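Letters A, B, C and D mark the chains as written, and numbering starts fresh at 1 in each.
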Amino acid sequence: MTLKTTGLRKAFGGVVAIDGADVAFQPGKVNALIGPNGSGKTTFFNCVTGMIKPDEGSVHFGDRDLTGRAPHVIARAGVGRTFQLCRTFPRMTAIENVLSAVRPGGLLHGLRSAHRKTEIDRAHHWLTRLGIEHLAGAEARTMSWGQQKLLELAGVLMAEPKTILLDEPAGGVNPALLDRIGTLVRELNAEGRTFVIVEHNMDLVMSISDHIVVFDRGRPIAAGPPAEIRADERVLGAYLGV
Amino acid sequence: MRSPARRTTWALALSAGLTLGLAACGGGDEGGGNSADDPIVVGISLPLTGDFSEPGKGVQEGYEAWAKITNDKGGLLGGRKIELKILDDQSNADRVVADYEQLIGSDQVDLVVGPFSTRLVVPSARVAQEYGMLFVEPAGAAAEVFNQGFKNLFYAAPAVADDHYNHLAEYLLAMPAGEKPRTVAYAAMDDPFAQGTAYGLKKKLEAAGVKTVVDEVYPPNTTDFGSIAAKIAAAKPDMVVGGSQYQDGVNLIVALQQLNYQPKLAAFSTAPTSPEFAKAIGNKTEGILSPTGYSQDAPYESNKEFVEKFKAQFGKVPEEDQANGYTTGQVVAAAVEAAGCAEQGDCQQKLIDWLHGNTVDTVVGPLKWDATGKPQGAHMIQQWVGNDIKIVLPADAKEADLVYPKPAW
Amino acid sequence: MPLAAGAVLIVAIAMFPSLAPNPYILSSGVIVLNWAVLATAWNFVGGFTGYISLGHGALAGLGGYATGLLITKADLPSFVALIVAAVLVAALAVPIGFAALRVRGASFVIVSIALVLILLLVFQSWSSVTGGSRGLVVPRPFPGMLRPEHHRVFFFLYGGLLLLALATWWLLDRSRFGMGLKAIREDEDKAESLGTPTFAYKLTVFVVSAAFTALAGGLYALWFGDLDPVFQFSVLTGSYIVLMALLGGVRNLYGPVLGAIVVGVALEYFKVEFGNTPLHLVTTGLLLGLVVMFMPDGVIPSLTALVKRLRKREDSSIREVTAADLAEQRKREREAANS
Amino acid sequence: MPSGALLFQSIILGLLLGGLYALLAAGLTLYFGIMRVVMIAHSAFLILAAYLAWWTNDRLGLDPLLSLVVTVPLFFGAGVLLQRGLLSRLRPATLTMMSVLITFAIALMIEGLLGYAFTGTQRRIQLGYGTASFGIFGARVAVVKLIAFALAAISLVALYLLMKRTQFGWALRATIQHQDAARLVGIDTERTAGFGFGLGLATAAVGGTALSLDTTIYPSLHWHWIGPLMAIIVVGGLGSVPGAAAAALLLGLAQSLLQIPMGATWAQTVFYVALFATLAVRPQGFFGGRLAQRF
């Protein structure tokens, strides 16, 4: 299923953050969204995931119109995301953090115990996969920045999204962890998950992405495989402010 | 999940300890025997702070005067002194119940007498009833006090609220058709007593065909009377009647004066009889009427003694609130002397039975009650003339003639 | 082990009436249990979602008035009226919650305080139905029963209600629904991005909380017998509840109960010892301020933390900042770097 | 149908009241704009100022207006202290909720201390000109009410000039609009925020004195003010001073006019109806505010 936007527009007062963005991400691939600071990448993410309502335009996931829907509806439709500054539930343990992402059914469904074995097993699976299983019983606020980033990703994965939006996965992490995140993304992608990554670290972007969209002043100015983008002068111009 | 478990155990251990602590504390004052030297402890809850603190303190002085005067004469039942135990209920119904609960259940007082204000009388009378105690009260004047089915309650004053203006109603209705006020505005606090006074008069005047042009009821905490006054002034009625306590009456009068409204007659309950009233409205008191159940100059036997000794004790003359408190004491004392006992238990029923069958002489005259505890009488009417408030009705008790129409204020 | 602790609580409730030396102490016990139920009911919203309501006193007052009016105007039997009243208040909580919970934080508190003030006005003004400032007399559920016995019966009724509320809390706490609610408390946006329908969850738990609060208020009406708008719809009730819950600890099943016992007993004790002075307000305010500033998690977690620290010092390096604080800090750093 | 004179009288009363509401709501809006704090204690300070004015008159025999000389600087200092000492120390993540509780606690303490110092008895300033009034097109305007309105109007104009014309005003508005951006252009936002709080509390000092001239006061009176004031700032759009002023005048007028058919108590519900309607229909307020959705 393709995640795409048509004519998306969002202004804050007089400042236009997104200005008629038409973007289509390639399903089954690792997509990257790059652009200079203030080019509207995070606002774009927020519009797509329902955190902010766009002024105009539409967001579709496959055939489904998700424009202006509540974030939880979009999440349940299969679009998961992480946050730029890494948000976990600080006073909940790692395992609880992951368990909260269980897709709840109706309200009655929600009255079931949160500690059913199948769910706990799944949660442990993701903690193990991300290498933080040993911290399962620790509260998130006692964990290091990198561990929290992995925990956040584990939570998103628990909800079994088809497309995952990562907002600066490399922000503030050390080189060793950076490698691990890169590998993880490729592995998870190989299992069939689509990724959309907003990132400033060009090494990471160029090494893991299949398709790159370049944003400038609230709209895409170029799109294509890494090699093509690297050669595009408009991209360079945008970054250098020419 | 080990640590929450420990926390929980902690919490429970602590709470269990506190529960037992609560059970243990306050268990000290068990009632003693009743030998001849033991004082008779009278438990009272009064609003010493809050909405009713002004009259509450007045009633307190009345009770204190009664205790002192009685003790100076040797106490009751051949030498037992009276000891007052007064709690402050903050004009709060929750507190007043807890207070009587404490007085009867924990402090084991021998007698209880009433608090101030009708709102507080009903809940506290119920506590007394459910403990089987006699309950004489100085301030539950509204009709609903007497239809709760209380068998232990007696109101120690000449008349219930609805009858306060009886003499005024008679006087007005007896006037020639041309002079009689034709239109009246009523504004009353949403309080059983205050509203009762105004509506008692309203009922009688309406029955006689006097038109009601404004009828406003405001909650006790109202502070802005501008709009009510505007409505009254715009309707230009011949007469304005305020069912007031104290401050609300003052505020309404000031607001009316700000609008320069000049009625032919203005009657307000309670407020005009307060010693601070004249100053509070800038001495523009001319002609204001007010009912009162008490006069310092009333010719009853015990009144002379009361006024004299009260002056000596407090350095001022007693007002209605003080007299009400004192009257309550007199009623209880009469019952105690007649029944020959004063303690919790069977004695209380003896006291109740005696009061139902007898008349008691007090500073407000002889009092007797019907089965519901309602007294059978009416209030006198006073009017501000010059810089003084004088009794003008009924004719046989008057100190001055009623001035009608009243001079401008 | 909440179950073992629950057993201790049951025993304590069962024993208390026979230990109480006089009816006054028993009546104080009823009052304290009333607070315990109210604080626990409050904690369904406050503890799970982190939304602080100062208006729960109004919901209790509403429960009390609804019970009283159903008995006097609709001639329902006392305890049927109590249940119907709770259902009605729960139904009314839906539109209230709809206005209050759509927006976050400040607006919720504003609405909760406004609820108290508007209900006070309505119940004072609408005197033809509510009795206005004259109050409403609720007929006794057990006519002719003497007062000490009456207290005993209600003590057990309150005890039962408290256990019911605690059991419900415990079940919710273990459910996926409860997990979602706690996620809302920690980070509402994040919870929503993980698929939690936050608004529906908040509204549901608010309704549950309102129902328990109304039951406590209704029981109070039956026990106390006289309702007066000024005291049924008092902001102070709500603030005592918040103080109790925060003091005991909102994240713990028994926190509010503990808080209610401490504050409730203290209130009664100071009243007996020093009478009823406005200094109660000062003390309440001071305590509330201190708890908010220094012990936002309540006494139980603070004590446990202290014990833990004394036990093993090596743990003391644990960071005491939340992810949100970290985020804030990082945001600052980032912006500083960008400038 | 009420008579024209009564209607006109009510409009005058409504405008006089609305002016006071506007001044007080401006203070509340300042706090909210500066750090998203709903200052529950605002009206408690209002009543405190009213008590100080009453005390000045009753105990010292001076004109209550003279109390302003003391209360305005005193309250300004208290506001700075409150912001610097308490509110700025709360964790940013829970600031909104916890600041409500803190200011609520302060309101309780002020109410309790007032009750302790002056008892719960209702008080009223007795002025020589308390019942004086003058006629204007058939309506009567009490002198004291006009003085109160003039105080509020002068303070509002002064506040407006301060915000628009002075350097401090610019800094304050920049801080309100974008704290981080303000910091980047060199504004000491911490200090500005403190002074902003002081300014807000100073409005309570002026308002309290104005209030005391013509109203009975008692310690728990502040609850009857905070409700309408909170409604005003929500309807006006949290954080917008002109919005709050417009909402204040409008709702004050509505209250006064509704008193004719509904009576004093029911008329007060207009504030809460407006509050609930605003939150249910248009949470960002009706006068161009911007923030309610997230706060």
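FYI, a contact is a pair of C-beta atoms (placed from the backbone, for glycine too) under 8 Å apart; a residue touches a chain by one contact, two chains touch by 3 or more.
In this text the structure is predicted, and so the values were computed from the model without any measurement.
K.L.:
Could you run down the chains that neighbour chain A and chain D together?
P.N.:
In this structure, the chains that contact chain D and also chain A are C.
K.L.:
Touching chain B and chain C alike: which chains?
P.N.:
Both chain B and chain C are touched by D, going by the contact rule given at the top.
K.L.:
More C-beta contacts across B-D or across A-C?
P.N.:
When the contacts at B-D and A-C are counted, A-C has more.
K.L.:
Centroid of chain B to centroid of chain D, CA atoms only: how many Å?
P.N.:
Each chain's C-alpha centroid was found; their separation is 38 Å.
K.L.:
Approximately how many whole Å separate the CA-defined centres of chain A and chain B?
P.N.:
Each chain reduced to its C-alpha mean, chain A and chain B end up 73 Å apart.
K.L.:
Could you tell me the distance, in whole angstrom, between the mean C-alpha positions of chain A and chain C?
P.N.:
The separation of the two C-alpha centroids amounts to 39 Å.
K.L.:
Determine the centre-to-centre distance between chain C and chain D, using the mean Cα coordinates as centres, and give it in whole Å.
P.N.:
Measuring from centre to centre gives 30 Å for this pair.
K.L.:
Find every residue in chain B that makes contact with two or more other chains and list them.
P.N.:
49, 90, 217, 219, 221 - these are the residues of chain B that touch more than one other chain.
K.L.:
Please output the residue numbers of chain D that touch at least 2 other chains, ranges allowed.
P.N.:
Residues 115, 120, 224, 263, 265 of chain D each touch two or more of the other chains.
K.L.:
Pairs of chains that touch, anyone?
P.N.:
Every pair of chains in contact is listed here: A-C, B-C, B-D, C-D.
K.L.:
List the residues on chain B that touch chain D in their complex, please.
P.N.:
Residue positions touching the partner: 49-51, 53-54, 90-91, 216-219, 221-224, 226-228, 230-231, 233-234, 246-247, 250-251, 254, 257-260, 279-282, 284.
K.L.:
Along chain D, where are the residues that touch chain B in the complex?
P.N.:
Residues 2-3, 5-6, 9-10, 13, 17, 115, 119-122, 124, 126-128, 130-133, 135, 140, 142, 145, 215-218, 220-221, 224, 256, 259-260, 263-265, 267 of chain D touch chain B in their complex.
K.L.:
So in the complex, the part of chain C that touches chain D is made up of which residues?
P.N.:
Contact set of chain C toward chain D: 50-52, 54, 98-100, 102-107, 109-111, 113-114, 117-118, 121-122, 124-125, 235-236, 239, 242, 246, 277-286, 288-289, 292-293, 296, 322, 324-325, 328, 332, 335, 339.
K.L.:
Report the residues of chain A in contact with chain C in the complex, numbered from low to high.
P.N.:
37, 49-51, 70-73, 75-76, 80-81, 83, 85-92, 96, 99-104, 107, 109-115, 140-142, 145, 148, 155-156, 159, 172
K.L.:
State the interface residues of chain D toward chain C in the complex, per the touch definition above.
P.N.:
32, 36-38, 40, 86, 89-94, 96-98, 100-102, 104-109, 111-116, 120, 180, 184, 219, 223-224, 226-227, 230-231, 234, 238, 263, 265-266, 268-269, 272, 275-276, 279-280, 283, 292-295
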